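After the structure tokens below, expect a handful of questions from me.
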Amino acid sequence: MTPLRILVTGGIFDKRYDAAGGTLGFGESHVPSIVERARLAGPVCVQVIMLIDSLEMLDTHRRQVLDACRAAPEESVVVVHGTDTMVETGAMLGNAALPKTIVLTGAMVPYSVEDSDASFNLGAAVAFARSLPHGVWVAMNGVAHPWSDVRKNRSAGIFESLG
Amino acid sequence: MTPLRILVTGGIFDKRYDAAGGTLGFGESHVPSIVERARLAGPVCVQVIMLIDSLEMLDTHRRQVLDACRAAPEESVVVVHGTDTMVETGAMLGNAALPKTIVLTGAMVPYSVEDSDASFNLGAAVAFARSLPHGVWVAMNGVAHPWSDVRKNRSAGIFESLG
Amino acid sequence: MTPLRILVTGGIFDKRYDAAGGTLGFGESHVPSIVERARLAGPVCVQVIMLIDSLEMLDTHRRQVLDACRAAPEESVVVVHGTDTMVETGAMLGNAALPKTIVLTGAMVPYSVEDSDASFNLGAAVAFARSLPHGVWVAMNGVAHPWSDVRKNRSAGIFESLG
Amino acid sequence: MTPLRILVTGGIFDKRYDAAGGTLGFGESHVPSIVERARLAGPVCVQVIMLIDSLEMLDTHRRQVLDACRAAPEESVVVVHGTDTMVETGAMLGNAALPKTIVLTGAMVPYSVEDSDASFNLGAAVAFARSLPHGVWVAMNGVAHPWSDVRKNRSAGIFESLG
């Protein structure tokens, strides 16, 4: 069984409603409970690096993600990330050319909200991380795009090839 | 984008609570709404063949699944199936040796019930169907097992290698 | 603020899906978490007496419910109960003519299943227990019926007057 | 069976996540589906007056609510309202001294978000509207406060007496 590491950085995937503020914010990550419910097989390690909106990610944050990918003993790595700058982080990880399969994913609707795509996307990312060759991939909408050929189409709410 | 077909046969994945009978039964499949929420990319066709408990599956039912796999114009096929006889259907499909990537999946907890693994499993199955070589696979717990090397471990509630 | 006691006896309200058995059974009661989410005001005590299907309730079980109502220091009591024999328990409690407002409620769809009526019903029962005169009431479908004038209409899935 | 009217004005109760904007906004009201799930008994009419944040409510909006209460043929009226200015609307309705039982309610967490109090609160409001004497009430946290003796305690996230 391929050992797997899931790095959590935040993004819409993990946002929760904060009744006091009337806004969406961060509490604990939902990833550990999704992993538990799916009874994920094999050695799986969930590592929460940060819980922030990806629009607030600075280069220092991206370097933390890169460092965590490099330090991971596993060859299969999933990165849960906000969708707004997932492509930028993918580019930084891609340029590092680590001998690993790194799959970025996120969600358009928070896990804590009805009709979320979070669980589906995490399932797809785990599968791609265990089946695709080394490289950096962005997995959304049930498809894995190479990091160098993907963009977020904001109006359609999907990820697509540069085409 | 790899065209994809999702064949629905029922199983725990799609069971719903029936208030009149106080039991779990079948209504409409949830697969189309999961596909819509995930905004699945590429040509995707959802085909409901039957909605039955896999313990009630006869050879005639399995042949219907095989016929649907053979008739599908797509090379990537996901079969949503009850977990109790998923391995038997996998064997029949595997022996047919179609030039396709066929991935069986299901759920331990219905989609309509809290803490379900259905969305995660469908996401993983879609990803495996688009990334693994031709053959028949059973995708549960975030892992794809070859059809000839998998069993359901009832007491642990997981699928595992015969090994 | 009227002090309130919520007695939990089980029923469909509290059933959970048991993945090992593939059936609906009992785990922990959901009532404490509903109470917490609603931030219920005033002194509120949740007391789990039993967690059983109301079709399995014997006279000894009903006497336990009656004893708990009698022993409760609060005048306002909600009893969460299976719908199938809610009327029978209501009759036993009604005949005891305690100087309390006792409101029985339950659910047609378990709290743990999509589209449940459990939270709505508990909210209505709490409100009726704090606003109706002494007596025993069955609160379902947003209405409080006196215990001596109510039956479950199985085909319609509702409670109604004998009238 | 007491005929009942539910007036919908918006508020957190009915907010939904808007994936395009990454914010909470309004779509269709959830009240009709909650009413359907609870199989609400008796003549029940759901009337959506507006769907706005109660912080954006002007006097003209409140007069619309008052007009709708006055025009309603039913004596029992529930008003689903944002929590931030529920007390102000309650005061305007209270000063009108209509010969009706009017119960304002809302939610601290949207219906569409996990761990919502919306269904519980609506159940309680319906019950209070059918059991309390004429007057204007604010029903939150399982308690009905007279409109002239209630405030929102923002830091605690509850409604309480002026005490």
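For clarity, chains are labelled A, B, C and D in written order, and residue numbers in each chain start from 1.
The working rule: a contact is a pair of C-beta atoms (placed from the backbone, for glycine too) under 8 Å apart; a residue touches a chain by one contact, two chains touch by 3 or more.
As the structure is a computational prediction, the values presented were derived from the model and not from experiment.
Between the contact lists of chain A and chain D, the overlap is empty. Remark: chain A and chain C have CA centroids separated by 44 Å (rounded to whole angstrom). If each chain is reduced to the centroid of its CA atoms, chain B and chain C end up 39 Å from each other.
Taking each chain's centre as the average of its CA atoms, chain A and chain B sit 25 Å apart.
Contact of a single residue of chain C with at least two other chains is seen at positions 108-109, 157.
Contacts between chains, counted with the stated touch criterion, involve the pairs A-B, A-D, B-C, C-D. Put simply, chain C touches chain B in their complex at residues 12, 16-17, 19-20, 22-24, 108-110, 112-114, 154-155, 157.
In the complex of the two chains, the chain D residues touching chain C come out as 1, 4, 34, 37-42, 44, 108-109, 115-117, 119-128, 130-132, 139-144, 157-160.
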